[in-house]
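Dropping the structure in here first, questions after.
Should a chain be cited, it is by its letter among A, B and C, assigned in written order, with residues numbered from 1 in that chain.
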Amino acid sequence: MLRIRKTPIALFAAIIIVFPWIARLIPAIKNYPDLLIFAGIYCLITIGLSLLMGFSGQISLGHAAFFGIGAYISGVLTVRYGFNPWVCMLIGAGFAAVVAVLVGLPSLKLRGHYLAMATLAFGIIVFIIFNEEVELTGGPDGMSGIPGLSLFGFAFDSMERYYYLVWFFVFTSFIFTVNVIQSRSGRALRAIHSSQEASMAMGVDVSRYKIGVFVYSAVIASLAGSLYAHYMNFINPSTFDVFFSIKLLIMISLGGMHDIWGAVIGSFLVTFLSFEWLHYFEEAEIIVYGVILLLVTIFMPNGLIGLPRIVLGWFRR
Amino acid sequence: MVQEINIVVEKAGGGAILEVEDVIMSFGGLMALINLGFHVREGIIKAFIGPNGAGKTTLFNVITGIFPPTEGAVRFKGKPIDRLKPHEISRLGISRTFQTVELFANMTVLENVMLGRHIRTRSSFVASGLRLPHARRQEEEIRCRAMEILEFIGLAGKWSESSGSLPLGERKILEIGRALATEPELICLDEPAAGLNETETKTAADLIKRLKEKGITVLLVEHDMKVVMNISDEILVLNYGEKIAEGSPEEIQNNPIVIEAYLGGENGYA
Amino acid sequence: MEKITLASQLLQYLITGVTIGSIYAMVAIGFNIIYNVTEIINLAQGEFVMLGGLVMVFFHAGAGIPILPAFPLTVVVVTLVGILLNLLAIRPIQKPSVLTLIIATIGASIVIKGTAMMIWGKDPYDLTPFSGRNPICFLGAVVQPQYFWVGGFLLVVVVLLTLFFEKTIVGKAMSACADNPTAASLVGINVKKMILLSFSLSAAIGAVAGIVLTPIALMDYNRGAMLAVKGFGAVVLGGLGSFPGAILGGLVLGTIESFGAGLLHSGYKDAFALIVLLAGLFLRPSGLLGSVEITKIKKF
């Protein structure tokens, strides 16, 4: 029975809440909350991606595009037109939803490699647009001057304040997603993953669900993009390239696609790899990611989440 | 105590719950069904027999909306359904099982049947995500009804096991249970006894008879002639996509054309 | 004067398009060979092209080896990479599914790309054209002599492959595997060896494409992904698994891209091929030469 326990969630929330205090006390990890902001932003994307790929069995190799759409809509509308950032976040999410429908509808009949390639092509096209529409986006040089976020006068202008803001978003979407997984809708998605034919015969409107989960994953990726833009105050297209889509794939594969915690674990690991541990390797970073993917497909197809079961299996023998 | 499964039975024009009229199904030149036409009176068990490749599963696929017929019409309770999609047809009251058991292997026995309740319940993606009270209540109801069905089919003890881990006989029963959860008026069973031993076959046959007692009309594709002759009210014989005979089990058994084309004597019941 | 200029412009686009289309055709053929035998789409296909160019640069420009021996030497090296890819990334997978294979080939492609970046850095490299850089003027259009090499090698590849699949025993065995691996293994064909061979052939063809492309368009470590996606576009246009389809698809795709970049907006050059790919997938996934019915029955 698919039961996602509440205790680990509460425990994780407690750790997240307390962490900045601890970090302040230990000089070595003083800047870790900054890392965790990125981990949180990536979690937002991977939670949706995990629901899309791990639970519903769909594929997206172009999710960086939605991350970028959120970031650029927030950036462009606040910098060039002075809109309220929160409104821009909603507009970005809405726009991402529309794009997801426009791409998703014709993709309904595609499966497997065709679907993978279609999403890959879509991601690259969006990336090209970010690069080419210089008047709007600033082109390859990027766009700066993106304002920070504030709510009723309370400005999220410190690392710690932004940390709590991002993680509020993460926990909200995590709990929402967990609820969906354990509900009638979640069951329908898992059924679609297992057998589209049988699902249709049992009355599930497969098309509607596929589009629905794709839109959901696009919307939270877009929100993540907006949060990213308002934190960095600067964005440029190279953040939203094919390699980032692949990094997202690495996050959910490494953590474990079929478990929502896998998304969280993978996001944390890749964030730390990216920003901290692989810095010594510099150029070999890409090779490490590739090797990780290969090792995961060969030895741990269910990701790190599946590791306990593998280890138990050895002991049983 | 097994709760009665509520079914509203509507009399269609002529008493036929399903009408198939002059259906032709062609796949790029390959004629799978040729001018097929028949009625199904409600509440009976009607079997479709014939050699492999005769078009029986294709017929089920046409009825359940997997592909529209190239020509012809299919009517359920008087309403045309030949252009509808499978999930729409399921909503109207037709359910099915598959020749190769299509259970949801990534879910437990109970969850498979719970999925069967999908069309008879309603709660949106957002309501589920927010865990609104009515969504939670409905989830409880779904669970209860699914357990009742598991009791009805005799698999209640295995509710938490992975559906893929059951033996074939129980998987076939489970698939019928899942179809039952949709509250169908008409159920299409595609080779429910294939690959089963004697005991499993008897369990399956008994279950099918109990479906009829509930008032559900059963369409049955089956090769096991003992089962077919035992439980069917009517039999339709297909060969190369065409109907070659239709009638009661006795009539079919003694029909020379059928004997030559299919029953042959060694294969058959006689 | 205006008329001639426009016509020669269009001719220019056509010639360029057919040339680059030949490259896409070769990538597409590589995709198809592996797909036909294994039903795997090798997302690392573009890396073979990239390696073909860079390894040739290493042997010829770097080590001073003349073109004639350096060419086959490069092809051998890249073929070895293809073999390693099959042995290390594909064969060990326990429960191959579409998604695991996609992830595996992506993983392999970024390992190859990362290694190339470490060896060659990020800069693009040039290669001296095989028969010089003196452009030939033809009806107002400018044709680089290297273009003929590209078209020529496409022809050579096509002829050799056709002979291989139809006349040699190994080739026929491979076709048998493609049709029905179970039956093939029952008659004693070593399916695993055939799969290895398919990867080797695809790598070799990719290498050829990379070697002839570099004198025209340079080569850098990052070109593989785009070449793979566009090559796949050619595959979709022509119909997955179809040999003549790959050629037709490649030439058509290259031409559309060339005209689009020339007539509309060159910054969006890459996007044209991608839009054609999407259009092909959305509207007619079976391709221009494929069969709609068979596509419905097949897995994708």
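The rule is simple: contacts are C-beta pairs under 8 Å (C-beta built on N, C-alpha and C of every residue); 3 or more make two chains touch, one makes a residue touch a chain.
Since the structure is predicted, the reported quantities are computational estimates derived from the model, not experimental observations.
Taking the CA centroid of chain A as reference, the farthest chain centroid is that of B.
Centrality by Cα centroid goes to chain A. A separation of 42 Å divides the Cα centre of chain A from that of chain B. Computed centre separation for the pair chain A/chain C is 32 angstrom, with centres defined by C-alpha atoms. Between chain B and chain C the centroid-to-centroid distance comes to 49 Å (mean Cα coordinates, whole Å).
Considering their complex, residues 64, 66, 85-87, 90-91, 95-96, 98, 102-108, 110-111, 114-119, 121, 123-125, 128-131, 135, 138-139, 142, 160, 178-179, 182 of chain B touch chain A. The touching residues of chain C, counted against chain A in their complex, run 41, 88-89, 92-95, 98-100, 102-104, 106-115, 117-118, 225-226, 229, 232-233, 236, 265, 267-268, 270-271, 274-275, 277-278, 281-282, 285, 299-300. Listed in rising order, the residues of chain A touching chain C in the complex are 53, 59, 61, 106-107, 109-114, 116-118, 120-122, 124-125, 128-129, 131-132, 242-243, 246, 249, 253, 283-294, 296-298, 301. Those residues of chain A lying in contact with chain B across their complex are 1-2, 176-177, 179-180, 183-188, 190-191, 193-195, 197-206, 212, 216.
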